[in-house]
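You will see two complexes here that share subunit A, one where it goes with subunit B and one where it goes with subunit C.
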Partner chain A sequence: MKHIISVAVENKFGVLARVSGLFSARGFNIDSLAVGETEDPTISCMTIVVKGDDKILEQVKKQLNKLIDVISVKDFVNKEHIDRELLVFKIGVDKKTKPKALRTLKRFGANAIKASADTVMVEAVGDPSHILKMLEALKGFKVKEMVRTGRIAMAL
Partner chain B sequence: MKHIISVAVENKFGVLARVSGLFSARGFNIDSLAVGETEDPTISCMTIVVKGDDKILEQVKKQLNKLIDVISVKDFVNKEHIDRELLVFKIGVDKKTKPKALRTLKRFGANAIKASADTVMVEAVGDPSHILKMLEALKGFKVKEMVRTGRIAMAL
Partner chain C sequence: MKLSGAKIVIESLIKEGVDIIFGYPGGTVLPIFDVLYDSPIKFILPRHEQGAVHAADGYARATGKVGVCIATSGPGATNLVTGIATAYMDSIPMVAITGQVSRSLIGNDAFQEADVTGITRPISKHNYLVKEVDELAGTIKDAFHIARTGRPGPVVIDIPKDVTVLEADYEYPKEANIRSYNPTYISHPGQIKKAAKAIKESKRPVIYAGGGVIISNASDELTEFAEKTNIPVTTTLLGLGAFPETHHLSLMMLGMHGTAYANHAIMESDLIIAVGSRFDDRVTGKLDEFAPHAKIIHIDIDPSSVSKNVHVDIPIVGDAKHALRSLNNIVKAPDTKEWLEQIAKWKKNSPLRYNRDTDSIKPQYVVEQIYEATKGNAIIVTEVGQNQMWAAQFYKYTKPRTFLSSGGLGTMGYGFPSAIGAQLGLPDKVVFDIAGDGSIQMNIQELATAVVNKLPVNIAILNNGYLGMVRQWQELFYEKRYSHTCLKGGCPDFVKLAEAYGAVGIRVDKKEDVRAAIDKAIATDNVVVLDFVVDEEENVFPMVPAGKAINKMIDGMA
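So, the complex of A and B:
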């Protein structure tokens, strides 16, 4: 089962490596990870999306709570929340296909940052289902390059 | 000097901890980190924002290139690029201040995900200067909770 785990940590040197090391030591692969500031600049929030054995994950969460620079650990499974991800990507277009690409992007609320004769650079935000539907709708276009932030989440 | 470094890695177990460990071993604190899939699902992209001694950073980049699961290392300093970050946050409002909050958000292209009588939950995307200006404009409101993805970048 996929879990979104949000770990609030002291914004200190080495915490990141310690937290991600805990997951890899237990054999968990991290699907995505986003680390940024919070409303308090001394505290960072690490949002981790991970899939694996639920019992082992419970142990990992307990160990996280014991790390000295960890302030809190939240698991959003079975909790009402929103999650969002940001993607920046380039798709290949030509004179004929460009209008269709731009229409499709607009339909999904995605923003064309820059468009040339053969490429459109896009920023898009959404929850996983929205992102999936958009990428499906763009299947006729070659994705030349893509960077994703990984998901962040917040309780409703 | 602040650097945005983008590291393409094989989507394998433990790479994340090894890469972030390299930075912390050299005394670098990571400002933000975003890890997500790329156009090739076997490859993840880690976007790291880091500040520190440029000479030591050169050494870190060389060491990164030697790691077995690292495919490429790009530094966006002095390169034409765009960078973007996603924020989700809640601000406190009341009957009187809510319309102003919603107007300010609209002006910065931010999206009110959910609004109640005393709280507005927001998603916002932009480059660092856009985000800074938006947070400045919202200074009269209490930020109750905030999660940020960290920046991702792409060459223009």
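So, the complex of A and C:
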């Protein structure tokens, strides 16, 4: 099952290696990882999306909690939450297809941030199903390059 | 007051109550060694950094204090790695200080540079790279706090050379201040009540005690608990000494080479009370078949140990001593009369045994004689292999901190340097390293350390000419194909070797000389190497084959 684990850590060097080491030592591939400061600049939040056996992940979460630099661990699986990811990507267009591309992007609330004659650079934000639908809708266009931030999550 | 980083290190260690350091010098720690030159702390120079770290470990296990070792950058630090991992697996409080190349050189493949925090990350409780001299004192304070509290463990402090030369204002912090580290000592009263109820209702309860009981100094509480409830006690390898093995409620050790009656009791039990033990695979055997009828109460300070391998019905996170005290206040004894009768039958039908009617020397006999000669009052340290298991089975441990052995990692070469550390911590005790002919050669160079420090450590080599434990597996599971496990031919003359170092060497090849040699070793005020020529193909039984349920023992008898 896919888990979104959010780990509040001391904002110090070396912490990322400690956290990621617990996954890599068990042969888990991290789907995505987003790290940034929180409302308290001495604390960073790492949001980790990972697939794996529930029982093993339960153990990983306990081990995460055991790390000296970890302040708290939350798993959003089976909890009501929102999660978002930011994508920046380039699609290939020409004179004829560009208007259609822009209309499609608009429908998904994505912004064309830069454009040349044959390329549109886009930023898009959404939860996984929104992003999936948008990429489906853009199927007719060539995605030339794409970077994603990885998901971040929060519960009320 | 302004002090150099090196002075701050030593002043801080003194403030932590450190009275002995095991270490080896080198380029990046020269400034620290210069301060050590006239410091009041006793310093022990081993002949290999692995000797330093195991000695610090043995010192910590024997005394309960934090063991401290120091090594230079690069090869010095990497030589500590096995010892740090050994201490980590067995939850031993330790602070290991390593020199690092100067900050401007880090990451440049500098001479004797190694990424020590990277290497030790998964084998230490925590580690630090100290980047500023004014963070040094606080880091040392935190490191000792982390090493000795909660589930203890080794903490590595990597200090660049230039940080030890620079100066900073020195004031040692009164308290460690780590907001994200708050081990739970006080167990939940509701859980204690639930446990007491389950105990009262049980018919076939067993206490399964581990090294955590010794670490939390809870042996008296454990004994009170067992006596109050009339529940039998089995211990893990690291739990030996947590409960007197001479006690009528003792089942001795359980697991792969445990007693048949301990393993049967666990398998038939309806309630297992695990205290400071972690359901290691050497204890549980095949997990799906482990203790099928039992509810499990698990007392442990480390939440990540609870429900890791087996499902726990009543988890109690907290200090073993505190939890047992709370239980002792309210617990009522179940009726275990029938259960104890059943256990007595198992004990009678399947005792630990070996063939006593031989002319040759059986290794078990040697261990028994060491027990008789020391009346159970010695500190027994072991190497790894058959020697370790016979030392566990045939010596009766009655007090905590008298059996020191690398359990979790199973490190050959651990025993002798650890015995040196234990002897330094407890100078009045008789210390024996029960060794194999293979293991002893892994840190034999420490004979120099023991001799030069006038430590009367005794080494009893159970010399079977083989890497015996591996040979035993080859005999039982690989059709006696003894692939690279025979040591005969290349074995040194241990008597001459001892003498070359200035120690005493005694070879014993007759059974009738065993006891006299042991007595002589104890009476000798020097290191004594006893080379017992024992039966080559003696095996450790009972034995649970890997992956089998623990009541499916080879030679467990009826």
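Please note the rule applied: the second predicted complex is superposed on the first by the 156 of 156 C-alpha atoms of A that agree within 3 Å, B and C clash if a C-alpha of one lies under 4 Å from a C-alpha of the other, contacts with A are read in each partner's own complex, and residues count from 1 in each chain.
The rule we apply is simple: a contact is a pair of C-beta atoms (placed from the backbone, for glycine too) under 8 Å apart; a residue touches a chain by one contact, two chains touch by 3 or more.
All values derive from a computational prediction rather than experimental measurement.
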- Task: In the overlay, work out which of subunit B or subunit C sits against more residues of subunit A.
- Result: B
- For A:59, select first, second, both or neither according to whether it touches subunit B, subunit C, the two together, or no partner. second
- Check whether A:70 is in contact with subunit B, with subunit C, with both or with neither, and answer first, second, both or neither. second
- Query: Who does A:121 touch here: subunit B (first), subunit C (second), both, or neither?
  - Reply: first
- Query: Once the shared chain is lined up, is A:14 touching subunit B (first), subunit C (second), both, or neither of them?
  - Reply: both
- Hey, what residues of subunit A end up touching subunit B and subunit C alike? 13-14, 17, 21
- What does subunit B use to touch subunit A in their complex? 6, 11-14, 16-17, 20-21, 23-24, 27-30, 32-39, 45, 47, 82, 84-90, 113-114, 121, 123, 125, 143-150, 152-154, 156
- subunit C - residues contacting subunit A, complex: 117-118, 121-122, 125-126, 129, 146, 178-181, 302-304, 307-308
- Query: Given the complex with subunit C, which residues does subunit A contribute to the contact?
  - Reply: 9-10, 13-14, 17-18, 21, 25, 58-59, 62-63, 65-66, 68-71
